[in-house]
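In the two assemblies presented below, subunit A is common to both, partnered first by subunit B and then by subunit C.
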Partner chain A sequence: MARALSLYVETNTFLQKLDPMVKLLYILLSILLPFLILPYRVVGLTFILISCLLLLYGKVFKKVLPLLGFSFLILISIVIIQGLFMQSNRTPAFTIDGLTFYKEGLLYAWTLCIRVLDVLLAFALLVLTTRPSDLIQSLVKRGLSPRFGYVLSSALQIIPQMMSEVGSIMDAQRSRGLETEGNLWTRLKAFVPLIGPVVMSSLLETRERAMALEVRGFSAIGKKTFLFDTEMTLLDKILEWVLGILLLISIIVRIVWL
Partner chain B sequence: MGKKSMWSLSFSTPVLVLIPAAVGINYVGKLFAQLLKLPLWLDSIGTIIASMLSGPIVGAVSGAINNIIYGLTMDPISFVYALTSIAIGLVVGIMAYRGRITTLWRAIVVGLVVAIVSALVSTPLNVMFWGGQTGNVWGDALYAYCIAHNIPVWLSSFFDEIVVDIPDKVATVVIAFVIFVSLPKRLIQMYEGEETLERLD
Partner chain C sequence: MVVKKTIVVENLKYRYPNTSKLALDSISFSVDEGQFVGIVGKNLAGKSTLCEALVGLVPHFYKGAYGGKVVVDGVEVLNSSIGEMARHIGIVFQNPFTQITAAKLTVYEEIAFGLENLGMDRVEMVKRIDYVLDLLGLYDFKDRNPFELSGGQMQRLAIAGIIAMKPTVIVLDEPTSQLDPQGSEEVFKAVQRLSKEGVTIVMVEQKMEKIAQYADKVMLISEGKMIDFDSPQKLFSREDLENFGVEPPVFTTIAKKLNVKDETTGLYPVTIDEARRLFSL
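Up next, the complex of A and B:
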């Protein structure tokens, strides 16, 4: 049985026990507050610092690095491109090999780095310390339709199953003589015979899956109950209120000031 | 019996199980593209097939859920690009409902429209998060050339995105079309609402 897809790390700290809604609110705050309260970079850096400390506390900091990988490459290219070519570039900062980097471009790239890291780390906090099924259950409790809750958790289960078929389809088609290496056109032509079987089987399965669900009362009318009933702790509630009020205050402050 | 309205918000059970399958197909498409070392993403085939089968709303929901799942399991920044996936689902759903994607030519035209729409939606997100870059080497090289020649950032960023999107989205829609026409009729009917699944309540 393929394991459900997830980045969750079980380290049993306070963060893992925290209600997912609190973490969602934290993400919202860390995205919005830097825009609401000027100066952007100071607030953004503060959030990055808070996220880093929380990630360290949750013993998941090492797991963040692979998540940063792809973004990191783009950020480096942003520093180079904006530093060299940004249109408002006026003041030279330094020169390497005849290439002049400008202050304005570097400052802009620095702002972007803060923005990306801010969002990425806040999401990492949620993703690394929350079991996807807990997040979905928490959303369903807050009014998400249980049918959509099912869609989300079903996707998390189906994906590893479908991915596990990839290797055997590739082998099967190769043994029938399908060329999967060579020039671009050859490789492109191989794509349809490879993905075709997965698509067909998964779509045909939907029919049976739908019937199996109906037989088990999926569309039954009435209140759904939960298999694992979790209560929000007092601390969860307090944190939720604090973050909510903080957001509200900064929105009001922003409106009054401008 | 006539077709269901394009904007119907009622999600029958077959439609609800179609959504995870669509997300799975997106994942598998991306994986095969990587295994074959293709210079394309091909990561929205499932969303497009779902839109062709049951319309814009289901396509949009599949797109959104795709990025939510991807954000939860692979790359958190993907949450932000859910907007692009929603737009792709809507566009294909509307065009499939109105015009019936029946020939390869129409599939190519739909692919071009999808590319333009997806570039239009992605560009503001790219400018906001990446200063206009996409992370694709060719696109970013073009972007650097453009801003070095005083072309406005927004336009440069749009070019950056569209040069990547045109081949990718045209290939994606064409592949989805080729698969769609070979689907059994029985399956297509199930999603057109002509055959309702028997319910036990």
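Up next, the complex of A and C:
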């Protein structure tokens, strides 16, 4: 039995019922506002807090933890590299085993970490609380290409599939004597015979799926219909307007300040 | 009574991009409405390419050099897009996993995918989905995630997605090659039901006993050329069959070894019922 591909979690809160366009607007705001409005870090942290509260309310916070765990490695490397080696580093903050971390680098790393977490949590909110078909439907209704909607939703769903594929290929290679456990050098050596089959099988599967979509009329000309044709609620419309206006004001304020 | 020709192929030639050899070479045949046609041949004989030419993936998806004419349900493939051809002909591929759209969360929604693309009215959509769920024995799984089905169930879902679009012709390209015996049997039973419903079936298959049992006509392909297109009895009775990499059904092989033929037709038995009748005489 293959693994389910969707990251969507059915929990029946208002977040699941919210129009996907509202969530897409929220993502746009959470990405742009920490760049547009001062103080950037405070704005970013505010969005992180809002996203965390929404994820908790939507009962999907547990699902974010593995993502946070994975991003933690990247964030740590950002802190180390910027803290130690950033070009504008001047003021020493602390020293560990002879390695001096600088305030400027750490502050810049802190800003980057906020931005990464901000974007990650906002996207998690969309992915974990939106049915892929609803997202496609919402985009198509607003005149966007269904291809765009499909790429967006399938790309998000393809992660578990890739993980499963890597697992199978790794097992196959292990059964033929490949060492995948051990020190860093052993793991690096194991990476080469794994990556080829993983990439090839992914490309083949993508081509086959593209053909399967085509023969089911994905490119058929004419208006598409939807099995569950949902209309935007009053709350959706209000939130869409509020977020849209907020975005507009932020852009204007930024232009005026500059 | 004049029987409608659902598929007409005239002098079809095709070469994949960046290759020098013809994958399909001067193929001509026609299929009557409601017929079950089996296609046999060894690996790389051109069976899958022929299937893809029927639905329009050749030449629209693969490009390459194309000549001749393929007309399905009165529509010439070359002059119609794959999306438009989907209203007339559907195809089920070998790998059930890659035929799942990955855009839908339940079996019910998955079947609706093609109907949504064709812009079908919701009431009709629901009617058709319920019909195919029942036809293919998938009703109990309708709320399940498509990726949580077994191989056989997933392949039946792929067939259901195509059937719901009510094409005149359904092409099945080795649909049971990646399935266990139980999964294969599920698929064959589903295809048999479709055939009884009057759908024209074109099926590539390596299980010759099944082809002999269900097909009205069988096509033998080798190196891109059509060698023969006749009844299963006539085709599997060919003495040179193994030269083309095709093993006849096991009953035919035994009958050939024992030289047991039907006295009236002079042909070997191809199904278990025919073999039983001839061997008991």
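Rule of thumb we're sticking to: the second predicted complex is superposed on the first by the 175 of 258 C-alpha atoms of A that agree within 3 Å, B and C clash if a C-alpha of one lies under 4 Å from a C-alpha of the other, contacts with A are read in each partner's own complex, and residues count from 1 in each chain.
Keep in mind that, in the parts below, a contact is a pair of C-beta atoms (placed from the backbone, for glycine too) under 8 Å apart; a residue touches a chain by one contact, two chains touch by 3 or more.
Bear in mind the structure is a predicted one, so any value in this text is a computation, not a measurement.
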item	value
Contacts of A:20 with subunit B and subunit C, given as first, second, both or neither	neither
Partner chain(s) touched by A:198 [first = subunit B, second = subunit C, both, neither]	first
First (subunit B), second (subunit C), both or neither touched by A:44	neither
Partner chain(s) touched by A:58 [first = subunit B, second = subunit C, both, neither]	neither
Touched partner set for A:81, first subunit B, second subunit C, both or neither	first
Touching partner for A:131 - first (subunit B), second (subunit C), both, neither	second
First (subunit B), second (subunit C), both or neither touched by A:180	first
Which superposed partner A:225 touches (first subunit B, second subunit C, both, neither)	second
Contacts of A:34 with subunit B and subunit C, given as first, second, both or neither	neither
Contact breadth on subunit A, by residue count: subunit C or subunit B	B
Where subunit A meets both subunit C and subunit B, residue numbers	5-6, 132, 150, 154, 157-158, 161, 205, 209-211, 213-215, 217-221
Interfacial residue positions of subunit A with respect to subunit C in the complex	1-6, 8, 131-133, 136, 150, 153-154, 157-158, 161, 205, 208-229
Complex interface listing, subunit B residues touching subunit A	11-14, 16-21, 23-25, 27-29, 31-33, 35-39, 42, 45-46, 49, 65, 68-69, 71-77, 79-80, 128-131, 133, 135, 140, 143-144, 147-148, 150, 153, 171, 175, 178-179, 182-184, 187, 190, 197-201
Subunit A contact footprint on subunit C (complex, rising order)	55, 57, 61, 81-87, 90-91, 93, 95, 97-105, 108-109, 112-122, 125-126, 129, 145, 147-150, 154, 158, 161-162, 165
Complex contact set, residues of subunit A against subunit B	5-7, 67, 70-71, 73-74, 77-78, 81-82, 84-87, 108-109, 112, 115-116, 119-120, 123-124, 127, 132, 135, 147-148, 150-152, 154-159, 161-163, 165-166, 170, 180, 184, 187-188, 190-192, 194-196, 198-200, 202-207, 209-211, 213-215, 217-221
